[in-house]
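Following are the structures in question.
Each of the two complexes below includes chain A, the first together with chain B, the second together with chain C.
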Partner chain A sequence: MRKSFMQSLQIGFMAAASIAILPSMSVAGTYDLTVDRVIIDTGDFQKEGIGYNGKSPGPVLRFKEGEDVTINVTNNLDESTSIHWHGLILPFQMDGVPKISFPGIEPGENFTYKFPIIQSGTYWFHSHSGFQEPDGAYGSIVIEPEKRDPFRFDKDYVVQFTDTHPHSGKRIFRNLKMSADYYNRQQQTLGDFFSDVRKNGLKATIDDRMAWGDMRMMKTDIEDVQGFTPLINGKGPEQNWTGLFEPKERIRLRLVNSSAMTYFDVCIPGLKMTVVAADGNNVQPVTVDELRLGVAETYDVIVRPMDDKAYTIFGASMGRTAYARATLAPREGMVAEIPEMTKAPLLTMADMGMDHGNMAGMDHSNMKGMDHSSMKGMDHSNMKGMDHSNMKGMEQEKDSFYANGSGLVPTAANGGKFLSYADLKAQKPLYEDREATREIELRLTGNMERYIWSINGVKYEDADPIVLQYGERVRFKFVNETMMTHPMHLHGMWSILDVGAGKWDPAKHTISVAPGTTVYSETEVDAPGQWAFHCHLSFHMDAGMFRKIFVEGGPKSASLNPSEQGVLQ
Partner chain B sequence: METGIGTENMKIKRTFLSGVAGATLTAVLALSSAIAFAAGNHHGSHGEKSVIGISGNAADVTRTIEIKMGDNFYEPEEISIKKGETVRFKIINTGEFVHEFNIGTAAMHAAHQEEMMMMVEHGVLEVDKINRDMMKMDMGNGKTMEHNDPNSVLLEPKETAEIVWKFTDDAELEFACNVPGHYASGMMGEVHFE
Partner chain C sequence: MIILKKSLLAAALTFSVLTPVVGHSAETSNIYYGVQIEEFEYRYGEGGEKLFAFDGDAFIGTDELKLRWEGSSELDLTVNRFESLSNQLALQTPISDFWDIKGGVRYTSPEGPDRWYAAVGLSGLAPQWIEVDTHLFLSEKGKLSADIDIEYEILLTNYLTLTPSANIDAAFSSDREIGVGSGINRVEAGLRLSYDVWDRILSPYVGVVYERKFGQTANYVEEEGERADIWYAVIGAKLMF
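Our next item is the complex of A and B:
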C-alpha cells in the first residue's frame, strides 16, 4: 500500500519535473548518502552521534543549477530517518519531513530523492526525524549558478557551525521537560543579588527578581541549552579547522549554522567581511565587521587577507557561554590570537515586550496572550530602575529587528559595523513586488516552566494546518511574545523578509524573530502540497512551535487528492 | 544604447579643464596642471597621482576598448595596454545598479570607497539612481561630492560614457567600481602592461 503510494508520487513528480525541464538541461548527477552511527570527537569529549557517509558533519554536496539530482539514501540506523534539503525549492514529496512529505525511511531501507536544482547558493541538509539533527545528522550543500556568479572569489570554503552537546538530543529534551533551566548555567546568583542591592537598592532588586520570577523567566534565558562545544566543520576550538589561502586572494566563506539551539556572533579579527548572500540568495554586498548567524541561516561573505599571516574565525555564542574557533592561514599549523568573548548579554524588560518607554508604539492587541494576572503584582513605579546598566550600551545604534532597549542588540567586538537584517537587500529579486493578498498573524508563544513552545498559544499536536491558496501572496506577522529568539523556517517557499526596502526585500528561508519584536515576511504561494513551518531551535520545534502548511490548488500533477492526504497524515 | 549619455557624463571630461568647484580647482592648480585626480580623491597623497596617467587627447587615440558593467562585474575583467598608449574607453552600464569605472591604484580605490560610502549615506547615491543635483552641495570646507574627475565615470543603469585616457606609466593599476560593497565583492579589473 505504502509502496504503491510512493510509486505514484514518483510518477507524479517525474511528470511535473519533465514539464519543468528546459531543452538545454542535460546535467544529471547521482549521489549516495548513508545514514550512520558515528563517533563525534569535539576535543572536549567524544560521543556517539549520527552522521552521513560515516562522518558528522556529512559531505558537502556540490550541485549545479539546472542539474537533475538523484540522491540515494540508505538508512543504516536502527530507527526511522529522513533528510530535509534545507532551503531548496523542490516538489513537496522530496522535502523529507516524515508525516508531511513522506512516511520516512525505515531502518535498513533506501529512499531515492529525485528533484531538479532550480537555484544556486549555500544551503544545508539535515535529518527531520526525532533528535537526529542535534545528534549530528547534517551536511552542507553548495550549488554553482548556471550563469556567471555576480561576485568574484578565488576560493570558497563551507564554514559549518554546530553546537555539539555531550548529551543525546533525547536526553536533553527529557531534562528540559523536567526542568526548563536544567542547562542554564548562567543563572543569577546570590552574589549578583547583593551586588545589585548595592547598585540599585534593596527594594528595586527584590522587585526586579520578583517581576522576572512572576514571568517564569530569567534575564539569562538566552541559551536554554548550555554545556555544548561549538564546532566548525566538525572541529572544536582546539582542533582548529584551517582554511588555506594565498595573500590577496578573495575567499568566499559559506557560513552555515547547523546548530540545534545556538546563535553565533561571527567575526574574523583583522578582516572585513563583505556579505554577498543570505540564506542562499545573493544580496547587494555589504561590508561588516561582525554578523549574527542565526540557527539554520546561511551567510556568504567574501574576505580578502592581504598579509601572509593567520586570522581567527571566531564565533561567540549569543549567550557567551562558548565559542567556535577556526583559522584562515597561508600555511597549515599557523594560528592567530583567539579573542576574548565580549560580556554576556542580559535580557531586559524590553525583551519581555514590556518596553515602557515605548508603550505608544506597542500593539496592545497583542497583549492578550500575556498573563495579566501575574502582571498585577508588578510594581510599575519601580520598573524605571531596572536594567539601566544594560541599557546604556544600547544607545549607539538602533536596530529595528530588536526591541527598543533590548539586551540582545549585538555590537561588534571591535566597535565597527554589525550586520543588521535591515542591511540585507536582494541583488536580484526573485519575485515582482506586489501587495500581499492577506495577513496571517503568528504569535510565538511558550510556557517556559513546562517547556512548551507554541504558535498562537497552541502547540503542533493540537493545531489545525495553516491553509494557503496557490497563487496568493501571504504576509506573515510574527509577534514574539517570548523572551527567546526564534528562527522561523518555512519549507518549500521563500520568506521575503520585510526590511522596508520594497522590491529589494531579501528572500530568506529562515527568519529570526527577536524577543519583544514584530517581524513581517511575505510568501508567494507558488508550491503546491503540504509543508512544514517551524522554529528551527530543535527543542522548541519538538516542544510544539510548529505548523503544517497546506497549499490548496496549483498544478494538478503535484496536488494531493483526498485519499493521498489520508495516507500522508 | 547611446541614449543614456547624460550631459553630466559628457561634462565629466570637460570639467577638469573648464573649471570645477572653486576649492577643487585650487587644489588642482596646486599640482601640476597636467596631472589628474583620482575621482573624488581630494585628500592628497600626491605621490601616486602621476602613475595612473592623464586625460588623453582624442586625436591620439589608437583604439577603443568597450567595457560592460554588469551586476557586479566588468566585461572584460582585464585589459592589456602599452605604456604611453592613449585609449578610448566606451563604458556601458548593462546592470540594474549604479556602477563606476575608475582607473587608479588599489590604494586610491580604497580611499575613494570611503567617499562613495559618504555619498550613499548622504543620499547622493542610491542603488539604482544618482542624485546629481545633490552632488554640488557644499559639504563644508568648500568640498562637494561632485564626481567629476577625468579618470572615472559613475553611471546609472543603461547609461554610457567615454573616457580618453593616456597611460603614461606602467604602474600597478586597476579599474574598479567603488560603490560600497562592489569592489570588495570583486568588481574590479586588472590593467596589464605589455
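Our next item is the complex of A and C:
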C-alpha cells in the first residue's frame, strides 16, 4: 500500500497533470479538483450552487483500470467538504464520508486522495457533506478497462442526469420538516374527485378517499421534492445538450443519475437501447425501449442510429413532474420531437404493503390479486385507470421488483420492453457463488408526515453501527415498509442483487427498493474498516435513513479497532 | 402605545426562552425552525366593525422536542384596542405517528385584566387529513378552560385552496373579570379561499368568518353594547417561512 502511494506520488510529480486524460501507458495519474461556489443556469433559472473546477457538474474523471490515482482536492468553500467516489472499491480512509472515513476537508484546506483503480466502468463522485450534493457538487468517472469491453462502440458519451432545484438543499430540508408536502404540487384535487366520481361512481370514490385519508397518506407521494429542472450534463431541456454521431455508429451512452431525489424513465424514441453495464459492471446485453434510472445508479447502453437525423434522449421523472431532454444528432443544432410525458402514476394499496396477495403468490396471482383489490374498492380509481395496454404489459412481463398491483410498475411509452432488475445478469461474476453466512433484515421505515426516515424504525443519530465480519457473505433483506422508493447504497463493497440468477446475479452499488416490496442483496465482506450505508435520496439520508457499517477483522493495515471509532466520530 | 407595550412584552418573553436553543443550533444540524402565520387579516363586520386579526406560531427544535410559540390577537381598529391577545410558549413532543402533546404557559393581555395560565395541549393530524389543535388551560385564578381548533384544506387546484375552520372556546367556570362565562362561550367558523403566489411562503386569501358568543359571555359582550354574533368579510394572507 505505502509503496504504491510513494510510486504514485513520484510519478504524480512528473506527470503534473490536472484533469487531463493521461497517456495509456501511465500507471499513475494525478488529478486536481477544486471545490467552488458556482452559478448554475438551468435555462429556467439561475442559482448559486457548488461545483468542481468552477462548474457543476464537475469534470468527467477518466481513469484506467490498474492505475494508481492521486487526487488533490482543494476546498474553496467557507464550509467543510468531502468527496465520495461513488461505486469505487478502495481503502475506507479514501471513501470520503466525514466522520466515517475521515474528518472532512476544512475550508481552505487540501486533501489528497490516493488509491488504486481496480475496476472499470461508469461511476460518479459527489460531496458527502451537508447538502452540497443537492446543491450541485457532483461529477462523473469513466474507467477504461485493462482489457477491452466485450461489446463494440465507436463513440462514448457520459449522460449525467441531475435535478437542479431553485432552493438550496438546506432550505428544502427545512421546508420538508416544516411541512412534508411542501413541494408536492401533484396532490389530488376536488377536480380529480369529481372525475373519479364520473369514472368509478360516488361510493367507490369516497371509499377510496376514505381509505387513503384514514392512513393520512397520499397516492401522489412519489416525488417528495418537485419544482426542479432536470438537467443532462448540466443542460436544461431548452439548452439541449447534444451528442454528435455519424449514422450507423455505435454510441455508448453512460447514463448516470446524480439527482438528489429524482428517478428518471429514460428512452430515446426511435432507438433501441442495449444495456451492457449496470452500476459499472458489465451485464449480459439486454435490449430495451426504456429503463428506469434510479437515483445514484448508472447504466451503460449502446444505441445505433442508422439514419441521418436527430434523436431525443428523454427522461421523464418517475412522478412525471418534469423531464430531462438532450439530443443525439449528426450535426449541431438538429433537434427531434420532444415526446409528451405519459400519465403520472398513482400509488396503490399494494404500494402501501396492503395487498395480501403480495406475500405469497408473487407469480401466479397477478390477475387475481388485481381483481381482489378492485373488489375491495380500496383503489378502484386506479384499477379502472389502468388501461388495457397497462394490464397487458403486466401480464406479459410482470416485474417482481414492484409490489403486486403497484401503481409504479413502469411501462415503455412506446408499448415496448421496459428494463427490469430481473433482466440484469452479470457478464462475468465478480465472486464465486456461495451460500450467505447470515441474513440481516433491514426494514426501510419512515414517517412521511414528520419527514423522518429510518431503518428498522431508528434514525441514524440513535442507531448502533451494523457490525460485519471480514470474510463473511451477508444477505441483506430489504423490507420497504414506506410508500416511497429507496435507492440503498452500500459503500466500499458490492451489493449482489438477488434476481434469481444464482452466480449470474449482478453486482451493483445501489439497490432500488420499491414500496411494498422485499428485495435481497448479498455482500462479500471483503473490505475492512468502516463504511456508510444509506438511502441515496439526499433528504431521506439526512433525515436518518443511514447506517454506519463496521467491518471487523481482515488485513491489519486497513482495519480499525472498534474502540477507535470514537476518535473518528 | 398600548400596542407597543404588549408586543414588546410578547417579544421579550419569546426571545428570552428561545435564545439558549438558538445558540445550540449553531453546533448541530438536526435543529429545525419554522414560522407559520395562518391568519393575518383585515375583518370588516356586518355592522361596520373593523378588526385586524392574527393567528400564528413559530417553532424551533428537533424531531423529538420543539419549543413552540403560538400567538393570536384581534385588534379593534375603530377604538384601537385588543379584543383578544394571547401568547403561549410550550414544549412539544410526539406521542404517536400523527400526534404531539405540549405543555407550557399562556399569557392573555387584551384590554382589561391580564391572565397567566398553565397550558397543556394536543395537536396533530386526525384521519381524513383534519388538523386538530386543542388545549386545556388553568388560569392563575384557578379557573379551568379549553379550546379546540379544527381545520381542513380542500384543494380546488394544487395552488387554490378552500379552508374551512372552526375554533371553539369553553370554560368550566366563569371568570367575570375577563368576560368569560362557563360552558361553550365562543365559536368562530371561517371559510377562506387562498392562492399560493410564492411557493408556500405567501398565500393571500379572501373569506368569511362567523363569530358567535354564548351564554354569560354573550351577556357580558352585549352589556358593553356589542353584538354577540357577527359576520365578517376577511382579506389577508397566510405566511410560511
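Everything below uses one rule, namely that the second predicted complex is superposed on the first by the 496 of 569 C-alpha atoms of A that agree within 3 Å, B and C clash if a C-alpha of one lies under 4 Å from a C-alpha of the other, contacts with A are read in each partner's own complex, and residues count from 1 in each chain.
The criterion applied here is as follows: a residue touches a chain if its C-beta (ideal position, glycine included) is under 8 Å from a C-beta of that chain, and two chains touch if they have at least 3 such contacts.
It should be emphasised that the depicted structure is a prediction, and the values quoted were computed from it without experimental measurement.
*Asks:* Report clash or fit for the pair chain B and chain C bound to chain A in the combined superposed model.
*Replies:* These partners fit in the superposed model.
*Asks:* So, A:177: does it touch chain B (first), chain C (second), both, or neither?
*Replies:* Second partner only, chain C.
*Asks:* With both complexes superposed on chain A, which partner does A:151 reach: first (chain B), second (chain C), both or neither?
*Replies:* A:151 sits against chain B, while chain C stays out of touch.
*Asks:* A:284 contacts which: chain B (first), chain C (second), both, neither?
*Replies:* Touch status of A:284: first partner only.
*Asks:* Report for A:461: first if it touches chain B alone, second if chain C alone, otherwise both or neither.
*Replies:* second
*Asks:* Could you tell me if A:333 is touching chain B, chain C, both of them or neither one (first, second, both, neither)?
*Replies:* neither
*Asks:* Quick one: classify A:415 as touching chain B (first), chain C (second), both or neither.
*Replies:* It touches nothing on chain B or chain C.
*Asks:* Go through the superposed model and pick first if A:450 touches only chain B, second if only chain C, both, or neither.
*Replies:* In the superposition, A:450 touches chain C alone.
*Asks:* Tell me which partner touches more residues of chain A in the superposed arrangement, chain B or chain C.
*Replies:* The partner that reaches more residues of chain A in the superposed model: C.
*Asks:* Determine the nearest approach in Å between the Cα atoms of chain B and those of chain C after overlaying the two structures.
*Replies:* Checking C-alpha atoms only, chain B sits 45 Å from chain C at its nearest point.
*Asks:* Quick check on the output: what are the common chain A residues between the chain B footprint and the chain C footprint?
*Replies:* On chain A, no residue contacts both chain B in one structure and chain C in the other.
*Asks:* Using the touch definition from the top, list the residues of chain A that touch chain B in their complex.
*Replies:* 148, 150-153, 250, 272, 274, 276, 284-287, 302, 304, 425, 427-428, 504
*Asks:* Using the touch definition up top, name the residues of chain C that touch chain A in the complex.
*Replies:* Touch residues, chain C against chain A: 29-30, 32-34, 36, 63, 94, 97-98, 125, 127-129, 154-159, 199-200, 240.
*Asks:* Please output the residues of chain B touching chain A within their complex, sorted ascending.
*Replies:* Residues in contact with chain A: 70-73, 77, 96-97, 127, 180-182, 184-188.
*Asks:* Under the touch definition given earlier, write down the residues of chain A that touch chain C in their complex.
*Replies:* So the residues of chain A in touch with chain C come to 130, 174-175, 177-179, 182, 185-191, 210, 213-214, 216, 447, 449-450, 452, 459, 461.
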